[in-house]
Amino acid sequence: MFYREAGQFKTSYQADGQIFPILQDRLALLVLLAVAIVVVPLVASPYALSAILIPFLIFSLAALGLNILTGYAGQLSLGTAAFMAVGAFASYNFILRIPGLPVLAAFVLGGLSAALVGIAFGLPSLRIRGFYLAAATLATQFFVVWCLTKIPYLTNYSSSGVITAQPIVILGYAFDTPNRKYLLVLAVVVVMALLAKNMIRSNVGRSWMAVRDMDVAAEVIGFRLMRTKLLAFAVSSFYCGVAGALYAYAYLGTVEPEAYNLDLSFRILFMIIIGGVGSVLGSFLGAAFIVLLPVLLNVLAHSLTLPTSVASNLELMVFGALIIFFLIVEPHGLARLWQIGKEKLRLWPFPH
Amino acid sequence: QPMEQYIALPSYRVGPYAAGGSGFYGGIIDYFNLVNLSGGVNGVKISWEECETEYNPSRGVECYERLKTKNGGATLVEPLSTGVAYGILDRLAVDKIPMTMIGYGRSDAANGKVFPYVFPLITSYWNQAAAMIKYLGDKDGGMDKLKGKKIVHLYHDSAFGKEPLPVLEALSKQYGFELIKIPVTPPGSEQQSQWLQIRQARPDHVILWGWGSMNAVAIKTAQRNGFPREKILGVWWAGSEEDTVPTGDAAKGYSAMTFNTPGNYPVMDEIRKKLYADGKGNLADASRIGSVYHMRGVSAAILWVEAIRAAQEKFGKGKRVTGEQLRWGLENLNVDEARLKAVGAFGMLPRVKTSCDDHEGSGAVKVQQWDGKKWNAITPNWIVGDKALTRKLLEESSAAYAAEKKITPACLK
Amino acid sequence: MTEDVHMQMNEPEAHFGAAGRKTGPVILDLKNISLSFGGVKALTDISFDVRQHEIRAIIGPNGAGKSSMLNVINGVYRPQQGQIVYQGEVRKNMDCHAAAKSGIARTFQNIALFKGMTVLDNIMTGRNLKMKSNFLMQALYWGPARREEIAHRIKAEEIIDFLEIQAIRKTPVGRLPYGLQKRVELGRALAAEPEILLLDEPMAGMNVEEKQDMCRFILDVNDQFGTTIVLIEHDMGVVMDISDRVVVLDYGKKIGDGTPDEVRCNQDVINAYLGVGCA
Amino acid sequence: MNLNFFFEVLIGGLLSGVMYALVAIGFVLIYKASGVFNFAQGAMVYFAALTCVGVMDKLGVSLWIALPITVAVMILLGLAIERVVLRPLVNQPEITLFMATIGLAFFIEGLAQLVFGAQVRKLELPIEDVPSQYLMDNYNILVSQFDIMAALVCGLLVTSLALLFSKTKVGRALRAVADDHQAALAVGIPLQRIWAVLWAVAGLVALVAGMLWGARNGVQFALTFIALKALPVLILGGFTSMPGAIVGGLIIGASEKLAEVYIGPLVGGGIEGWFPYVLALLFLLVRPEGLFGEKIIRRI
Amino acid sequence: MTTAPYLSVNNVEVIYDHVILVLKGVSLQVPQGKIVALLGANGAGKSTTLKTISTLLRGERGDVTKGEVQFKGERIDHLTPNELVKRGLSQVMEGRHCFGHLTIEENLLTGAYTRSDSRAEIKQSLEKVYHYFPRLKERRSSQAGYTSGGEQQMCAIGRALMAKPSMILLDEPSMGIAPQIVEEIFGIVKDLNSKENVSFLLAEQNTSIALRYADFGYILENGRVVMEGAAADLSCNEDVKEFYLGVSGAGRKSFRDMKFYRRRKRWLA
């Protein structure tokens, strides 16, 4: 009874177009942000920050990027990690080769490089659809990683192809502790999530969804397929590129191209499917699921004092089983589950 | 202050490398149990905790972060994964926890002035590569005989496989053999084209720088193409039972590097007797006791325990040492013949003596050959390659790293 | 060719459709259109024209080629032969985007709404050609982009009011019953403020009452905005009541063209389609 | 150019292609009949091979006894998958079913290793993986006799499955299911039963692939990765075509080997990882549904 | 009604997606050998009712939370559609749902999946369907996905007939069909009904024709049955006349003379 829009009348379309039309939602989000910005850095342990929250945020960003492409524009892609790699290695090279380049600018340039690669590999999407496209995007995955291992210039001639991310210094302020890194990542992710939400609620977003839902009709209405799809590839790759740069700079530190392997692409795909295809919130929920669940299971399995190999295998099985379980409960992902929960709450205490 | 010496083990027992992971960590834990049975290190028991990384860098980092603060703080970590090791490399100095990378990772990390908390103990890839060429030269009847010979470097196309290239290239120039580099795309489950190329090139030796399933496939494909296995020399990650058993007879005659001499040792007998006989062994399958990975784990644990002992000598006998103190122990390790004899592992691993300049401490390896059933050492003595060369490369490379990271190289106290 | 066109343009302008509606000059002229798919001849040598402001119906048995005709008009299919003259210009390479840009909007026989989007969003997509701000501005959602969005939103709301679908504004269209989906689809087409509106069986699956509403919408659009309408419909009551002129197709051929009354009494049409003679 | 060498590479490639096709068949089977892209196919291959050697090991029995046991296990697995995973997910979007198979893959991998352990094992089939002496002597061309047998097995599988799809009532029903679950149910196609049978058959195909690949590379976790080799084969041949799987396999196998041998050295080698994908991709630009795949119908 | 109902739906409640309540206690009966029409505005719940009966609801995340469905005196809500078809209950779904990649003929043949009859018999049924819909015969080897809307609709109906059902649920059979063929379809319905004693439950928007052929009718409004009665009675009812048949006191009104949007009369809120 407390959670509903009754009594909240919109007097302008502007108000109605808000991201969160319900006051309670807006408040909740503000509180959440306040907690994330103020409380978390104060109370969270370095472990929580540097091993859970930072990767969670980075993966959320990558998942958001993939969601733009797959969830909103309907182009299934398995090349996410490749775009992340481009972002990371490009940022590394920009910082290395342009003395005095601000780190954030390098991230943006890294993202733009990824966007370029995204456009190049997005071209086939004009003809290829569905799982054919997905399998074809694997070409990106393998090709990019191969280039990174084969072109010594990209890794600054490091003998083994490993790069070490430069320290993050912005305006003379070093982001070197988990706390600071967390805040930096949080800021980037929040801003980019907001931008994504804006795109999605305006014409670009609608063009993506239109192409996703029925591309022929979208064309008849006047959307240009090529421009729309390539833009989706570009924006998505940009997001993934920035996420990849953060992955290297704010999380791993030293990376080899192999860190951006197919496995990572798949993990990010899992995130959006579990979280909710075509939902910004879903990207976050999915990332939380895929990052947290194995940790929880691991902790749990250890508390059972099983032999480790048994525990590890059980973990894997339970993880798989839970994925299936959640899909059966709600095929549209956690975000939908959340939404249904909210709808129920709105009707509460009446069942319908 | 807990009395136990706690060690973090971000291990992997599922996934593609589970076979190696379970052997290696099994060996470590077996030795720890053995030490604890006899009262620990001067009365300090060793404790440890495992965490499943699936060989995945990001999960590995999480494991490290989770494990490091437990039980009063981890004092040592060993991920047995290059990716994970890189992911935590930057964090070690901050957390003051030493990490060993026994037989893997970046070779230049042996420079303790630049990498104070990293210990690529026993031997690095560069020294191994140098030793390989030395062995091949000796086998052919002297290093000068290498001139004009063809050596194929068949490698896992990744940072790991490319690591020895500087050494091999330098040696190829020095001794005048032709180095043919043939990469295999991971995971390498199909190598027909590579082996056709090899057969075409008619090399005198093939260095198999592989990892995981790629090794068995290489050996099988060599057989399929009628290439003699005697001419193939594997890296130590291509020299375990896991690499040869699945090939059946195909691996007969194949040899590989190792830093553990195959055979039986008193310490292994003790493990069998005191642990497995009582059902307290860590390996699910007792037939794997004394296997290459298991022995490698035991060796790692021996070195750590010796380092703990050394640290206790300096900072207080019978007391738990901190990560910083253990770092000192690792840096001032001197496991000589006498110590090895004392722990029942004489001959099993080379003597190791570390210093701030040399976190590797040895660089000596042996060659073993598969007879269809088990590995046998075929070099009676430990082989050491051209250390001057590797030292030069190490200095250059670590200096570049230091410059990039803005580190002033210095020894820690 | 062009002479031909001018000739037509110079014709006296005032026409009165069968429904007493004042219609303008020929806005769309289809000449000798032929279209086939492999062996199937969907359209054979079809010519007819559409005048400004009229309601032009296309009828014919199933599989006669009616939908294909619409697809030709708005560039989804490219005819193997023939010529389309639209607003006095010969359209050679008409593709759907060009058609949309020049003011042709349509609805589809098998509803082609964007299933994952809400009713409002679907209608907003209809206005996409009128939106000018680039995507960076949209991402920032600031200044002109925001104002533009709101301006178009107002237009969309007008259409929602017009079609009386206020209550389902925020519902994903996939959940709507068939009839309402048809209405939303009309709304999406209207949102483009088209010159010509092509409607493919807009009243299929509706009951009489709903059809009456739908007719009213169509007539109002025609009246208020002067939109020319090309309509395919199987309900003869509707066709005969509201259209000015009717084309009849059968097996891809034109078998009749004229006012509803003329068509109704055409023996070929009766044989092929209507079944009953004119009363 | 050394012609003999060229032919060796070509033939080696073709035969590797056959091995890829063997895995691809499993994918086609499931995709064609339910529109599901079965991510767990690789895991099933591993599971099958591991079960077979695991049974031999644990029970100490010979291959000929272990094999029927494994067959039974694979059939049970297929039935269980239908009951637990697919049945509740009828009529859901493709991507959901795809994700479910990912969950399945994790589960099967965990289960296999839990029951039989993670160590690498060998699997010896009665046919040795050595060059065929006959071909060597008579044509001076090096072909493994094992590969020849694999090609025969693969051909047999493809022919029988292709016949099943094109000639039988069940085949038609399967294609119907892939088009529209809901309508298939409405006409009375017993989706559940058909899926159960199908997954059981897919399990058996996985077993065949697992035995051959296991004998070739050893029974180890990496068997799950060979699915990656099957993907370009699939997109080239078309997801919905049995003959496509084999033709695609041959093309991919041959061209990737030739590329690695003749182009690889020019660009630093190791192009086998991406070359098949790029090749398949270029090919798709010409035929977006692959060689023999069913055209995607886009009509309004 | 005196005869025991062949099909009966008792007080069924349906919820989609756990939250959207669509049927609020619908009850209806179809006696053996009768044609029953289910009428109602868009969104009244006609299709949902039919899907509840054929248990196809499960695939659309709909749940039957109350009530039961009986066919030939047996509860069928737990059966699979396959078992229902075997028992003689077939459904023609709204919106065609042809198998796009199969040819028209293959589509029809899948309809006979549950039959274990000989090839000849099935061939005979096929010929019968072609006889009903000559247009299908012409297009028999085209992929259904490329045929026109009306052809697909015929295909869907023909496919259901191929199962030789004893009871057919028809969801808007006349949609998108040329008027002549509509008459023919209803002729077929009558034909099957009288000659082969097939029962029908048909959801139809074309009220006049539906009531002309049906024996009995139900009017659904907002998920509730608001009116029921013999077809003849219903077509005489003033409200039905005005809102469903489009005829008011002064006979049929021209569509162009509707000068205002009608406010629908609701029987129940």
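For the reader, a short list of remarks on this structure follows.
Each chain gets a letter, A, B, C, D and E, in the order it is written, and its residues are counted from 1.
The rule we apply is simple: a contact is a pair of C-beta atoms (placed from the backbone, for glycine too) under 8 Å apart; a residue touches a chain by one contact, two chains touch by 3 or more.
By chain, UniProt protein names: A, D = Branched-chain amino acid ABC transporter permease; C, E = ATP-binding cassette domain-containing protein.
Since we're looking at a predicted model, the values are computed, not measured.
The chains in contact with subunit B and with subunit E alike are A, D.
Traced through touching neighbours, the fewest hops from subunit A to subunit B number 1. Ranked by distance of CA centroids from subunit E, the top chain is B.
Placing every chain at the mean of its C-alpha atoms, the farthest one from subunit C is found to be B. Among the pairs A-E and B-D, the greater number of C-beta contacts is found at B-D. Chain centres here are Cα means. That of subunit C falls 29 Å from that of subunit E. With each centre defined as the average position of its C-alpha atoms, the distance from subunit A to subunit C rounds to 42 Å. With centres set at the average Cα position, the gap from subunit D to subunit E is 43 Å. Rounded to a whole number, the gap between the C-alpha centres of subunit B and subunit C is 74 angstrom.
Across the assembly, subunit B contributes residues 13-14, 18, 22, 157, 185-186, 284 that each touch 2 or more other chains.
Shared interface positions of subunit A, defined as residues touching 2 or more other chains, are 142, 146, 149, 214, 216-217, 220, 309, 313, 315-316, 331. For subunit D, residues touching at least two other chains, in rising order: 109-110, 113, 117-118, 268, 270-271, 273, 299-300.
Per the touch definition, subunit B reaches subunit A in the complex via residues 11-14, 18, 22, 25, 49-52, 56-59, 61-66, 68-69, 82-83, 86-87, 89-91, 106, 157-160, 162-163, 165-166, 185-186, 282, 284, 397, 400-401, 404-406. In the complex of the two chains, the subunit D residues touching subunit B come out as 2, 5, 8-9, 12-13, 15-16, 19, 109-110, 113, 117-124, 129-131, 142, 144, 146-147, 213, 216-226, 229, 256-257, 260-261, 264, 268-273. Subunit A makes touch with subunit C in their complex at residues 12-14, 16-17, 195-196, 198-199, 201-204, 206-207, 209-210, 212-214, 216-224, 231, 235, 278.
Remark: subunit E residues 54, 56, 58-60, 80-82, 84-86, 90-93, 97-102, 106-107, 109-111, 113-114, 143, 145-146, 159-160, 162-163 touch subunit D in the complex. Every residue of subunit D that touches subunit A in the complex is listed here, in rising order: 31, 37, 84-85, 88-89, 92-96, 98-100, 102-111, 113-114, 117-118, 228, 231-232, 234-235, 239, 267-268, 270-271, 273-274, 277-278, 280-281, 284-285, 288-290, 293, 296, 298-300.
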